[in-house]
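The data blocks that follow each hold one structure.
Two complexes follow with subunit A in common, the first pairing it with subunit B and the second with subunit C.
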Partner chain A sequence: MTKLTKLFLILLFGCLFIVITACSNSDTTIDDNSSSEKDKEPFGKYDPAIDVSFVRSIDSTLDLALVDGETIEDNVWLDYYRDELGINVTYDWTASAGDQFDQKMNVSLASGDIPDFVSVNATQLNQLVKADMIMELTDLYEDYVAPFAKEVLESDGSGPFDAATIDGQLWGLPNMSSSIDGAEFVWVRTDWLEKLGLPEPKTMDDLLAISEAFTTQDPDGNGKDDTTGLAVTKDLWDGYAGLKGFFNGFHAYPNIWIKDASGEIVYGSIQPEVKEALQTLQDMFGSGQIDREFGVKPGDKVAEDPAAGRNGLHFGQQWTSLWPLQANRDNDPNAQWKAYPLVSVDDQPARPQITLGTTSWWVVRKDVEHEEAIVKMFNGFIEKNWGETAEFDKYYMPDGAEGTWKLSPPTPSPPNKNLDAFLAIREAVGNDTTDQLEGEAKVINGRVSAFEDGDDSLWGWERIYGPEEGVFGIMDEYVNQDLFMRDEFNGAPTPTMAEKNATLEQLQNEVFTKIILGDADIDEFDKFVEDWKSLGGEQITQEVNEWYQNVN
Partner chain B sequence: METKGYKYFTWFNNVFLILLALACLFPLIHVLALSFSSSSAAAAGEVMLWPVEFTLSSYEYVAAKSEFWRSMFVSFQRILLGGTINFLVTILLAYPISREPKEFKPRTFLAWFLFMTMLFNGGLIPWYIVIKEAGLLDTIWALVLPNAVPVFNVILLINFFRQLPKELDEAAYVDGAGHWTILWKIYIPLSLPVLATVTLFSLVMHWNSWFDGLILMNKPDNYPLQSFLQTVIIQQDLSMITSGDLEGLSEISDRTLKSAQIFLGCLPIFLVYPFLQRYFVKGIVIGSVKG
Partner chain C sequence: MRSSQLPLYLMVIPGVLLVLIFSYGPMLGIVIAFQNFIPAKGLLGDQEWIGLDNFLYVLELPNAFRVLWNTLYIAILKIIFGLIVPIAVAILINEVRVMSLKRTIQTTIYLPHFLSWVILGGILIDILSPSEGIVNMMLGWVGIEPIFFLGNNSWFPITLVGSDIWKEFGFGTIVYLAAITGINPELYEAARIDGANRWKQTLHITLPGMRMVIVLMAVLSLGNILNAGFEQVFNLYSPQVYESGDIIDTFVYRIGLMEAQYGVAAAVGLFKSVVSCILVSLAYYLAYRFADYRIF
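This part shows the complex of A and B:
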């Protein structure tokens, strides 16, 4: 079936190209001077109401978002847009999030059949601009954005806007999402640490010692040699049991573009520090600390190990206590995990790498009559969730529902909202004013307290937001010390990147996996660096540097 | 007299085929075992061929899940409509094309025309645009009309018709039968085995397709079962999870639920086989022509 899907995709992209080039001939430039007559009020209501079309992705968590007979087409958010802003939201089609939505979206884009407003990724945005199907938004954004919405949208640096800027013009509004939430931590099973009398991990050496002890000293005490040291997935860079955090400990930053000493932008995966990290991983695999079969195990398969109490150490993002560690706690109420900051191999602190959290942008079809409606919806969404007139209990998470905010088509959110919720909880617990908490912090604090009152099924939440040991306490340290290593490249894929990157990534992952497995000598890394450069990497580096010069 | 070598051959052959059959059965039994296990046992990878911590909770959940039954209903609708259309079109196309060119002039052209569609197609986007412009999107007809002519089945049937003894329809013709009578009274009753085969092909095709449902239906309410199942079992990409998905994370590990739905999704098509089995009878025309 996957073969068939691939075939379809190949056909699809072939056709996409043809159709897009064909469409670009039908030039429908409408010189719209009527915008001067329009109000320019960030929250101005349309009277009579206007109809705007969207498409949307749905998933099973949306069922939790709906209350009292609401539907995707009729709910509190669409009521708000209709009653307060005079915007009737209609959906051309809906499809399940993920693969299905992407496929349907690609067919829609290729056949030129797009709704008024649509959220796309950087690649699609680029294609739509080339096909002359969407509208330029620079002035529109400045004219209509509300002050608070502007503050939120621009609070994650210029990255979210850079990615949607082509030739100095803005083509899409960033559907803001957190960048820092992608940072990694060391997750360790602390009841095992205590049992084996090991110190908490402060340096890479500590971590390696823990990994070895968890492998050889039978931490689960069942008398069988069935535990592994470090959990790793076949995809190497997953948010659970990936290796980014491990590499960061060696000051290596795979998969992202970093600034070198001379100010040039270079690719993190080919720097010498990577070799050191790979060497260490190879040694760990050699001594049985990494699962023999990790090369074929996807995340949900690897997750069986901690769940069954066979693994107690991985690198992961802030959410891994909810999944998969909660399953471990469910099976074994004595299991306890804790997140630690990334450890470093020397006296320099380890810097967690992060990429741009914003991965989709809202674009406007060329012949739309009320193009500013999307900016008004952005304003409304941000205001009603986090602004001064916010009604959290109505729009974000009403009683008995979860994730109600997802019912709005655009969902730009403040990039540090989770961290802010944690800080609010910690402060309130310190001052004993938890009854004054509002919004998301209140709901989360409710879960943390419920855990403290004995509801073990909410253990995962306490590990993330608990004022004492919650992982966001470390995130706060990351932020305060400005440790993040950000991806310097935020643009749409450059021409060579679009063409070669998939191959190069595959090459990289294969070589890295082989080295870790010991099937290839560590010196294979030097050959990989050469191959990477000659197979298009050199060209990509040049293009990325040109892009960097242009935006900065 | 069986030689020793022949005996060994039969023995090995049987063992090999039994192993092969087991290899095919294994995933199915595993899924069945998973669907009856508790979700924590499934998450810890303890389930192989026998349920661990037996529970019916997955089936209870699925029984209450209206999306599952709605898509099942769409699939049945599709099979009924699509299967009938395929059946009629196959027979009505195969009969004229199986005649000699002197009897039916455009025969060669038609045969080639059909054959070409097996080799070339317009590609995904034109296919989508044609169906969209025909106004079929989001209706059951989008799932049955584009597949109305199963060319491979038609070719099978043509070849079967052509090897039926010519004398039979000559005799019928002499007795005053027209083409309709010959087709319905002689050809079809004699072709039950091959008709059962092509019907099975077209039913399985309709039951199993998911991609067209996905692309052509604008609302998940209208998905056939396999498109729906695809949304259920596709694995979430763990590198793409954002903080907004936290609530969804608990859903990832519900492997027992997925298994229950997969198993129920296979069940109807399993049940079709035994019913068609009785038509697979050989040698029906032996002895119909004497001298």
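This part shows the complex of A and C:
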């Protein structure tokens, strides 16, 4: 069944559903004067307890979170909300994560039958506002948020709130997730560097030299010409073997909106720096440093190369040592990789581009009686996991369980929590106080120490969190030097964006790929810029600037 | 209605209900093709009616005609070879005298039908690779330069057709084999007495005997004129071959579903259904007119 027919079924089912439920769905108007009598206590307990409804997705990882006969409807988190906050969490329905959940969710939205609190993406949020189905939360948030929760929620800039702000009013609470974890690094196979007597990459020239040497000087020493320089996937922008980090080295920022010298917001993909980076990639492809067939290979195919010892250089996010590099280590215990900061073509440092990590927001159905309950649950979740009274071993990751935090409906987490864990580990190792580590840092440090004690299957963890060479040491530098190039546009797609973005994106990836392959001349880029503008890009730029004026 | 037929009519009710609920009920949703559809407002909600704007929007997209052309090109090739190959194979298999061999072949060629394109996509990237794929290795033995089947715009559509036929011809073969089994053996006997060799028998008995089934399959497959195969293309294409491989379904997937423009997606779906319906009706009429054949 094609996606299209599926969509038809979903929507049309939704239609039947409405017909069936229409009679019972008479217009309910609720007077909203009751809030004046409410306590405005961030952790105030309801007595008697109130019922609030949610929906949730289920996946197999939840089995690891549930211990001692717990269920989705009865577990430590729901106990906490009931006993401490007087909030009974009920689920209208549950469905398997992925397609099934999305379909049920679409039916829910189409039929107007949404639970009290529901998490949605920016596009859905926009539609719910237009359909007048959800409540405005500006004052509610300010009135009820706990100081620590506020600090966490506002620690990733204004982006997470901008995306849920329409006409100056807040409509959703960000289910915070890390933005900086999306930053890229240069990952290099250092045992090959040593073997070929090459310096560590400090500049783009170093990197290009490494790429060439890895291609031509037989770094694996098998006498065959079977290695490539730079690993690239057909999707161009993946978290493993994507090209964002490479472009950033040329001070080019594809796919994101950046501020130019005059303060205008412009699209990164059409700036002249991009051309220079593409030219270099074309040269690299021409001299055989990039896999001849990269244009048809998705990430998991490309990943076979480093695993089999045929590639030793890629741009990627902090996790690539867990996948796919761990497979390389498993096959070849002598393989060693290390992450380096992005390299630059000139004396200006390369700035890693990042987009908003938060991708979902909690919204409140219009006629809900205790709308502030969701803020209290936010307060509770953040406090019990990372606050003063945190009980990590009970709520986040108890012994024998994994991902217990997922049992809570809202799961906003501090955006820098992985970096914080690394810093805690590094400090503890320096002071020899690792036995005092708590929470996630303790668990991770356990893995790093196990690697140091000889468990090579945890090598990938040491590469990320190891106090000496862990990639988060570089992330810390990125943060300290404030290097990140953030996407300036965080809203729901603008009208023209919704209409044209797919076409423009296709145009871009097609032209970029052809230029890299040498099928198109580098001057095709100039034509692409013109086409991009005339096919709607100009209008989108205008809309993005209007949005930017509105939120700032 | 004779009373003896009553149980038969009763037995038909569940089937009719299913068709009504799952095929006719959902047709109400066609309305969103003419709306600026916002899901949260619901199907019967206060949607903005925009007439044919969704259709015009698609036609005005820069790649609309490229996509339409690719779809027709790939789909027509698939229809033609999807008919010829199974018929030829069915006739050949029918000539196999050793029963166990016949069965083995039949099962083996039917197997790929059960694999999903997600899995086949990965396998095809490997075996069609110009540098280390087995197909190009074999071509190399006979002195043919490696061909980049999945990355070359002239080869990509052919690769799509070829791999689709390879996956599905086993299924079609079974249908035609069944038709051959239904031919009266006495006809062959009579032909042999008249001195017809194997080839003449195939030409004058087997093929005419299969005529009805062939016409039926041809009429039905015409409905697929705008279906070039979403799952297959989606798993095999890449920006490198958008030019020759981007089809209506993948196009709509990107502009309609990824960007939440459901009205547009519905408009294209409706367009495809209408074209298919017209073609099937036309083919049916022609089959009736010239081959004196009625399906129903």
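The criterion applied here is as follows: the second predicted complex is superposed on the first by the 516 of 552 C-alpha atoms of A that agree within 3 Å, B and C clash if a C-alpha of one lies under 4 Å from a C-alpha of the other, contacts with A are read in each partner's own complex, and residues count from 1 in each chain.
Just so it is clear, a contact is a pair of C-beta atoms (placed from the backbone, for glycine too) under 8 Å apart; a residue touches a chain by one contact, two chains touch by 3 or more.
Predicted model, so just to flag it, every value in this text is computed and none were measured.
Using the contact criterion defined above for the overlaid structures, shared-chain residue A:195 touches neither subunit B nor subunit C, since it reaches no partner. Of the two partner chains placed around the shared chain by superposition, subunit B and subunit C are both touched by A:110.
By the touch criterion stated above, A:406 is placed in contact with subunit B alone, subunit C being left untouched.
In the superposed model, A:150 makes contact with neither subunit B nor subunit C.
In the superposed model, A:533 lies in contact with neither subunit B nor subunit C. When the shared chain is aligned, no partner comes close enough to touch A:365: not subunit B, not subunit C.
Shared interface residues of subunit A (contacting subunit B in one complex, subunit C in the other): 4-5, 8, 11-12, 14-16, 19, 110-111, 300-301. On subunit A, the positions that touch subunit C within their shared complex are 2-5, 7-9, 11-16, 18-19, 22, 106, 109-112, 123-124, 127-128, 130-131, 133, 234, 236, 292-293, 295-297, 300-301, 493, 497-499, 501-503, 505-507, 509-510, 512-514, 517, 531, 535. By the touch criterion stated above, subunit B contacts subunit A in their complex at residues 40, 43-46, 123-126, 128-129, 132, 211, 214-215, 218-220, 230-231, 234-253.
Against subunit B, the residues of subunit A that register as touching in their complex are 4-5, 8, 11-12, 14-16, 19, 58-61, 64, 92-96, 98-100, 103-104, 107, 110-111, 113, 177-178, 181, 233, 235, 237-240, 242, 298-301, 303-304, 307-308, 317-319, 322-324, 326-327, 330-331, 357, 359, 402-403, 406, 411, 413, 418.
Residues 21-22, 25-29, 32, 38-45, 57, 61-63, 122, 125, 129-131, 148, 150-151, 227, 230-231, 236, 238-243, 246, 249, 252-262, 265-266, 268-269 of subunit C are the ones touching subunit A in the complex.
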